[in-house]
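I'd like to ask some things about the structure below.
Chains here go by letter, A, B and C, matching the order in which they are written, and residues are numbered from 1 within each.
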Amino acid sequence: MGAFLTWAPLLLDALSFVLVLALVALGLVVIFGLMGVINLAHGELFMLGAYTVVLAVGWGVPFWLAVVLAPIAVGAVGWLVEVLLIRRLAARPLDTILATWGLAIVLQQAAVLAFGPGSRSVARPTDATVTFAGISYPAYRLELMAIAALVLVATMALFARTRVGLRARAAIADPDMAAALGVNVRRVRAQSFVLGAALAGLAGALVAPIISVDPHMGFGFLVPAFLSILAGGGVSLGGVLGGAAIIGGADSLLGHWMSPVVSQIVVFLIAIVAIRLRAARAAGS
Amino acid sequence: MLEIRDLRAGYGQSMVLNGVNLDIAHGTVTALLGRNGMGKTTLCRVLIGLLPMTSGTITLDNDSISHMAPHRLARRGLAYVPQGRSIFARFTVQENLDLGLSARGGRIPPHIFEWFPMLAELRGRRAGTLSGGEQQMLALARALVAEPSLLILDEPSEGLQPSRVTAIGDVLLRIVADKRVTVFLVEQNLALVRRVAAITAFLVDGVIAGGAAGRDLSPQSPLIQRYLGL
Amino acid sequence: MRDAPLPVALAVFAGLGLVPFVLGDYWTGQLARYVLFGLFAMSLALVWGRAGILCFGQAMFFGIGGYAMATVTLGTFAAVPFTAALPALVLAVAVAAAAALLVALFLFWGAGIGGAYLAAVTLALAAILEQAVRGWYGLGADNGLSGVPPLPLGDNPWDPRPIYFVVLAVAAAVYFGLLALLESRFGTLLTALRTNPERLAHLGYSVVALRVAVFTLGGAIAGLAGALFVATDAFASPSLIGFALSAEVLIWVALGGRSVLLAAFLAAILIRVAEAYLSETLGPWWLLTLGTLFMVSVAAVPNGVLATPLLWLQGRLRRTS
């Protein structure tokens, strides 16, 4: 019982990290799967989502409305980025890694200039805690997990069950044939970039009350999200959850047994080995 | 309904089509014969907009469609069954058919399952698990789901046993009998061409080397002799 | 694939040789460091531009060379029986090359990985290594190792001029050495490796061996640059080994021109000089400008801002001769 009481909150913390990470990673994977683009500015889109909430709440917008505004605002930024940058690099997918890295630097510095280099915070919408089986846990974190899980399921259902999703999957599997059947592949790609950006923005908005918001916060999420999708198998949406569970779970739980440095190293090693194995298997089949 | 004038196209520096001229009349089956590597697939890909042409014009019902994007051409009524079928192997049969609706929306017309009865039972199967003949039928059905006005078929009989080839011929005869679909059939199977095509053209070295009315394709005709490499 | 025109390369190195007679000691010392960053950039241009391996962790080898140089000359590990600079330098290059060899074997063995996967794995490796160094007290952890002895050049070891000339001579030697190598059959094979590895394999060449060879060579050059840098700077810090410097060198090389060694070399120096002058006055605007330039050049001038005119000139010269 005592072990349960100490472990349950840790597991819940890990789960909330995994779900947020999966949200960020899902945005990345939508973009990667549909466009072959590794968006190294994804962490900065996440950061913009968090700042949207900080600013909006500062202007007196109710918290939950700000959480709805964030993905819309970041989705709009994503649309601009797609039109001005990504589209021009369609034939050179590897160069988009570099270009989005440049964009990441630009967005980071723009945030430093606009909001200052220091960290900001936003009050949680509620300080209530929920007590269950002897454990009390912050209500906001439970809400966050529920929303993240809901959005994950909804996004997956969008791809698996709707006609729009079917066309998007067709555009991934065989863009030429999809186009010949009447799918506007270019538009599907642009939409996917906007959707991916919006997911990053939502993730940033949701975590804004529980972490400190600063211009460099994106990188800390980009790397594990990036490793999650590669470890989880690239384009499979289900693999995202698995990858996020491995990377995020290990990241937040190992820290309790070993020094953060060692746990980080272990996480990266797990990721590298998983990526190497997957890539080799993909090449072999 | 389709006019191709002085069409040139190729890959990078190497030209494959060197001025193709061809008319496809409304409500007919027009066949194109040509030996391997003559550029038949290249011509199909240009027609459906997947490969940019270097010069020339294509007109569909008096409108220029020369540089239209593939999805627009699909919405204009062009449908394509590529060589090698290009079905979506990991999707179900139903999903493959639904994709055929991308060009116009709506629902799958019921006559599709009259023409392809076996597909009705296979709807839930993964397309990649179908036999080659079934996959070809699926590719044909997927194209027809869009109720196209012009159907472009690239070697539909390739790799199929004779009974399947006959079945494809049956379907083609049936859809043109309705006079709603015009067919452009690229083939190497002379028997199929003889059975369904009203007009046959020959592609040699990137130009149309001549044409013949369908029933005139006797093995003794000089064009056939040349086609067969005799 | 040619590099910059030979006269331009000669002029660049000659011009750099004259700089200490114009600038004071402080800037000569700084320029020595920038030349070493240029050498480091050349190693990435070789691996990425010439062989098509987009490595997101090239600083691993720069840092390993640097830390090897620092620990040997400081006598950190009793197991190494010498502390003299020259054998230390040789050992540092060897250790960096060995590390690159191991990484290359891991990356390319069997079916191997490429493209985005390779970028991800090298990025993660660099991040691991940085974490490891930051947590390793024997290496000074976050504080790094300071007091690294300078190269023994003359009576006053901190006189920047001899150091500068040695560093510049090394960079020139590596550049012209690589040029000769790239003009040889190895260079032809590298071009084939980048543009058409399947055909190369078809002709009976081992694609794996070629990739491993060029990656190891790149690692050795990066290690050489790192070792000399640490001796020049008297300081080995974790920032030399991790993701940040890896990304920075990528920006230099992409901006200069990935496939032209001289362009990468010059871009590293020019950007560092610009940074030294501008980062104080511009503050966050400096990085914003650099990021924008980088982004725009990748989209609009994929061959690089310096390499594009250099290659144009190369084409002109060859046509007239």
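Following the convention adopted for this analysis, a contact is a pair of C-beta atoms (placed from the backbone, for glycine too) under 8 Å apart; a residue touches a chain by one contact, two chains touch by 3 or more.
Please read these numbers as outputs of a predicted model, since none were measured by experiment.
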item: Number of hops, chain A to chain B, where each hop joins two touching chains; value: 1
item: Chain closest to the middle, measuring from C-alpha centroids that were averaged per chain; value: A
item: Inter-chain centre distance, chain A versus chain B - centres from mean C-alpha coordinates, in Å; value: 44
item: Rounded Å distance between chain B and chain C, as computed from the means of their C-alpha atoms; value: 55
item: Computed distance of Cα centres, chain C from chain A, in Å; value: 33
item: Footprint of chain B on chain A - complex, ascending; value: 163, 166-167, 169-170, 173-174, 176-185
item: Parts of chain B lying in touch with chain A, wherever the complex brings them together; value: 48-50, 69-71, 74-75, 79-80, 82, 86, 88, 90-91, 95, 98-104, 142, 146
item: Complex interface listing, chain C residues touching chain A; value: 54, 106-107, 110-113, 115-117, 119-121, 123-125, 127-128, 131-132, 134-135, 247, 250-251, 254, 284-285, 287-288, 290-296, 298-299, 302
item: Residue numbers on chain A that touch chain C, as the complex places them; value: 32, 36, 38, 85, 88-89, 92-95, 97-99, 101-106, 108-110, 112-113, 117, 223, 226-227, 230, 259, 261-262, 264-265, 268-269, 271-272, 275-276, 279-280, 283-284
